[in-house]
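To keep things simple, chains are lettered A, B, C and D as they appear, and every chain counts its residues starting from 1.
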Amino acid sequence: MRELNMVKAINDALGVMLAHDPNVLIFGEDVGYFGGVFRATEGLQAKHGLKRCFDTPIAEGGIIATAIGMGVQGLRPVPEIQFADYILPAFDQLVSEAARLRYRSGGEFWAPITVRSPYGGGIFGGQTHSQSPEAIFAHVTGLKTVIPSTPYDAKGLLIAAIECDDPVIFLEPKRLYNGPFDGHHDREIASWAGHPAAQVPEGHYTVPLGKAAIVRPGEAVTVLAYGTMVHVALAAVADAGVDAEVVDLRSIVPLDIETILASVNKTGRCVIVHEASRFGGFGGELSALIQERCFYGLETPIERVAGWDTPYPHAFEWDYFPGPGRIAAALRRVMESN
Amino acid sequence: MRELNMVKAINDALGVMLAHDPNVLIFGEDVGYFGGVFRATEGLQAKHGLKRCFDTPIAEGGIIATAIGMGVQGLRPVPEIQFADYILPAFDQLVSEAARLRYRSGGEFWAPITVRSPYGGGIFGGQTHSQSPEAIFAHVTGLKTVIPSTPYDAKGLLIAAIECDDPVIFLEPKRLYNGPFDGHHDREIASWAGHPAAQVPEGHYTVPLGKAAIVRPGEAVTVLAYGTMVHVALAAVADAGVDAEVVDLRSIVPLDIETILASVNKTGRCVIVHEASRFGGFGGELSALIQERCFYGLETPIERVAGWDTPYPHAFEWDYFPGPGRIAAALRRVMESN
Amino acid sequence: MSNRPPLEFHVPEPPARPGQLSEIAGTVVPEAGLVRRPDALSSSVDLRDLPFELIRVLDDDGQAIGPWDPRLSPERLRQGLKAMLLTRAFDDRLFRAHRQGKTSFYMKSTGEEAIGAAQSLALEPQDMCFPTYRVMSWLHARGYPLVDMVNQIFSNERDPLRGRQLPILFSARDYGFYSLSGNLGTRYGHAVGWAMASAYRQIDSIALAYSGEGTTAEGDFHEALTFAAVYRAPVILCVTNNQWAISSFAGLAGTENTTFAARAIGYGMPGLRVDGNDFLAVTAATQWAAERARGNMGPTLIEFYTYRVAGHSTSDDPTRYRPREEAEQWPLGDPVARLQQHLISIGEWDDERHSALLAEIDAQVRSAVREAEAVGTLGKSKPPLSEMFEGVFAEPDWRLIEQRSEIGAGNA
Amino acid sequence: MSNRPPLEFHVPEPPARPGQLSEIAGTVVPEAGLVRRPDALSSSVDLRDLPFELIRVLDDDGQAIGPWDPRLSPERLRQGLKAMLLTRAFDDRLFRAHRQGKTSFYMKSTGEEAIGAAQSLALEPQDMCFPTYRVMSWLHARGYPLVDMVNQIFSNERDPLRGRQLPILFSARDYGFYSLSGNLGTRYGHAVGWAMASAYRQIDSIALAYSGEGTTAEGDFHEALTFAAVYRAPVILCVTNNQWAISSFAGLAGTENTTFAARAIGYGMPGLRVDGNDFLAVTAATQWAAERARGNMGPTLIEFYTYRVAGHSTSDDPTRYRPREEAEQWPLGDPVARLQQHLISIGEWDDERHSALLAEIDAQVRSAVREAEAVGTLGKSKPPLSEMFEGVFAEPDWRLIEQRSEIGAGNA
């Protein structure tokens, strides 16, 4: 056990897998000598060699295509896309190829790739360094989408993703790399130091894909969140003084439907939170699923707190970001109505 | 007034706009001399000249990039993507550029482009000639997404889309090009002949974007559908013998929330139908919106009937396709429960 | 500025449209045997002339001449001839099966059979091709069971791809044939990654990728070339320039003033331009590029100059967009007839053996179709419904399990 | 087969890493004045040698020599010098403003100022450039108001982009400067469409597009080249090869054995390779390509060979990935010093005037920053909240109207 921040935990997971499995290799823009713009691959090239962790041309489609071809030969490539905003040039490769290969080839070929990418806002990155594209991946049959919220989970989920035989989109909430940001941007910045989930075991361990975590048990209302929003939701729950059960989904595909339904069946109320813009976001799917399966147990409408239906606006970061204030207000509304 | 099938109505709309506005021009793979693989642009090059309707290289990203650049100079390009399955290589251009240009440039530049693309299944086109990608566009702030279900609407909506100053994705249900297919694939194929909505006025007219159509008024349950599913839903309603109100959304962005809420508030029940796979599909957003806004008026859970969460499977087309049987079953469930 | 003519853009048009005189017969074709054959391990810097030549081995009389003659054994030549004839017979039979409603879709390789056949035989069993739909002769050359192919085309219960894929979008791993898909160009980069994986694993397998000339316009093509060049991947990158992309001629892909092979120059790799209707030239170029790849000299781009004789697929009628007689006038001739002529001219073939071979092939194809028909044609037979839910993931998640049981396709 | 060494792939590495001896000083640089200057309307087929040359006008003594000398007026040369100096001073000041927490982000063009400045002055007011973040000298050459630029960088209430965009990702239509965005390469194709629209509308405006050398690897780059070549669009396609893409050197974009200019050959367009630190060479090449574009001869690809002297942005420290001394040893020198030297050598400039100009620029920049600071720096001032919901569509739909009122940003 050591205390690691999230980016170090990710670096640790990659190092463990490079040592553990000769079929693992890592590549992406600036990931080699430089160690990545967020330092997630720092030291890996020096330790494991030029062929295990290397730089690529700036061509996200090419990065994913290359990874697929390698995966087909039995390797387990872990490509990095520098920002999730730049994953779109590779969208066709991910959807039409990685996600469909096993199915269409009758099981002859598949692509066990893990695509890491920093995502989300809260860092004044403006339109194209802040977006949360998870919804468009969740809709793609054949892709898994994983989003950790702590160093412990980040390492365990990343190892599980790399060992998974399906293509996995691994979205890293970049605002959490250095600390468990709770959305109170005007307060002092927290680091991971002292946080229980920053205790990261050495070596190999996994956190299974498709299992949510109840990060705060409660009776009054269920809050569904992932990534940075887990911490923001916890702060909002404290601020609102509501006995909420906060569920960190951890992976949105596969989705831990059992944990979700059990919680909502218990509380009868639900608030869904995500950073991505609301319309057509993943919150819609969650809301629909719960409504379909817990209809008669719901006391009040399921609420969604999300980014507004605008591009990510630089100067208005804190107006756009679903902060603790907006979530607390939703919690109060849900508790008061009916 | 003439009777036109849907592909002819689209051709007519394009011809009207070429004649009407010198800034309109059309391009895409095989759209020029050949007139398009579905004949949507037939005769347009011969009539309006090589520079108004022409072939492009096979590069969907390049087609959209070129259209954006032209749009910025005041032209109104109407590019065609040969199948909606092949729109993904252009996804980044649509999302990061077309959709964001006006916003990020402080209103200095915008892209008044209309991207036409045949979409949807029911033609034994297999995985990559059958998909319905509307949900991923609906989530993108800054794009409009329009889907006609009749020749009349197709012409009027397409003209409205071309005249719109925002980028519009215009998805044409290819199974409806030649007839109002109702999903009874084992029955005789219907043509548009005799269908009231196949009466298409000559010349210029518009159907406004963002206005749904109540294609069958009813009291018992609201059915929300678009594209081919409108006709399948109508058949299912007849088969189930339910007094359903069938709403054809016609555009999913902007969404006619008023018509939807008015109908569900009246009926208290709702079935949502789309061809795309269910998880993360646009039905989730519709369900969430209705649940948020009509919660206390809902008698039974909102149901979704959609494609299964698999790629589009060639041999199992009619098992995958949300046919009248599955929709009728949902209607019966919704009417029976509670 | 004002005395200049106004700005214009240019829309390329093919040499002739229906009703116009086909100019194709007038295409000047360089003579066979003239292009130099540099050492396969030469620096790409010294090879920049090659993309503007046309490598040909078989001359008008069916003689093999010049430095690129691969000196194949008669046995190998007969193997090639058989693969090409089989491809053609199979295409004709299955195209008819589509007309008879037995399948939803079909595409022929007519006129381009030499490419897949020659390359399939020139490479090793452990090598992998990343095909287009128009190189089925690769599989025929390697003896892929015809009946499995027909089962796939009929999407019946014995379809090796379990009813999930459009007809002819095969996958045949054990025959070095990667999974096809409808999306053009997307697999070109997979070949590069696959080749890099071979190098990484230090096994002796190289990759070969195909793209139609129309498909070269896709960004995927460029990204694959870039990665191949940067990492010197052991891959052969082929462009089958059959002059047409559905209704669009090759000039629409950007080569009115250059060649597809010349793209190689900008990536620092060799580019060869090869008579694609010449079985020997295709073989020789492939051997050269394979030697280079296996010698760690990296990728080669090969443009095969050929002609798509049939329509694009069962969905189009080519006489709507090009002169009917263009195919016959194609100056590089028919690859089957040219190889047959060569074999005859070297005394290794005759009309009698040819007729016997045709009959044998005909019987093989008939019997395969008959066997597959007995299983069932499209809509008459299909794999078990549970197959719709298999293979989405390695293991189905709850959604698939629920949906499978909802549709009554079993719980387990 | 078994006696061959095992397969390998190659990972390109830069000439030197921190702590290693920089080899860059040893780069062989061709002398100025030697490259032929063919007629601008020549067929691209006759220009295939040019991509492997390096067009230079200013020699080591600051003399303009050879056929590419654009023979600019001293006035124009001074304009260029001023634009470059202004760019450098502005960059230094705003980079410091970032360190002081006044903005979230900044990027400098140090060492590359000649490119945007020379091209901005060489083209006409009605032409449009499709910029990268590293050609701000285009705007400085055209006199874009400094205070507006600083307001944008501070995202304050007077930000012309209404607080919606990252600092320095400008848009300035009236200065022929298209909207920037963070996504690399996506606007290259817009330039082609824009140029085609000029031709379609028969107005006399051409387009100029920029791409970093690293960005050439994107599929968008290739698709733009393809469309430009196919339709012979009146566009100038520039690659600013500043040797670095964040921490990756140019070889990672696929040119260890070729040049970026050589990409042009595969599209049948001319490719020029130009000393990007030579204001005169940049001007001359741009004029040549513009003449070609306006003469309906289509696109030209120009590679500007230059060096990124500063870090990539405020987010990185270049000494982590390249030798600290590399920038100084860059053999093509400093574009500002070279133009200054030339002006002095022709008797049109002296130290006194230079100091006066520097002082004037310094005052301009200071005053602009002061004025913008008075409005407010990041977080201290911003446009009205309603601006967050404007410009998503031409007219907001109900979602935006609802959300705007939910957040208390007004109903109308």
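Convention: contacts are C-beta pairs under 8 Å (C-beta built on N, C-alpha and C of every residue); 3 or more make two chains touch, one makes a residue touch a chain.
These numbers were taken from a predicted model, which means no experiment stands behind them.
Listed by label, the chains touching chain A and chain C alike are B, D.
The chain with its C-alpha centre at the largest distance from the centre of chain A is C.
Mean C-alpha position of chain A lies 32 Å from that of chain B. Inter-chain centre distance (chain A to chain D, centres taken as mean C-alpha positions): 35 Å. Work out the mean CA point of chain B and of chain D, and you get 41 Å between them. Counting partners per residue, chain A has 51, 56-57, 59, 61-62, 85, 89, 92, 96, 100, 103-104, 127-128, 141-142, 253, 279, 309-311 as the residues that reach two or more other chains.
Residue positions 9, 11, 159, 164-165, 169, 181, 183, 195-196, 198, 200, 217-220, 223, 226, 230, 252-254, 392 of chain D are each in touch with at least two other chains.
Contact residues of chain B toward chain D in the complex are 25, 51, 56-57, 59, 61-62, 65-75, 77, 89, 92-93, 96-97, 100-110, 141-142, 144, 164-166, 210, 253-255, 257.
Only residues 9, 11, 13, 17, 104-105, 155-156, 159, 163-167, 169, 181-185, 214-215, 217-220, 245-248, 252-254, 315-316, 320-321, 378, 382-383, 385, 387-389, 392, 399-400, 403, 407 of chain C touch chain B when the two sit together in their complex.
The part of chain A that touches chain D in the complex is made up of residues 29-30, 32-34, 37, 50-51, 54-62, 85-86, 89, 124-129, 278-279, 308-311, 313-316, 319-320.
Interface residues of chain C, counted against chain A in their complex, comprise 159-162, 164-165, 169, 171-173, 178-179, 181, 183, 186-198, 200-201, 207, 219-220, 223-224, 226-227, 230, 390-394, 397-398. Only residues 85, 88-89, 91-92, 95-96, 99-100, 103-104, 127-128, 135-136, 138-142, 253, 276-277, 279-289, 291-293, 295, 298, 300-304, 309-311 of chain B touch chain A when the two sit together in their complex.
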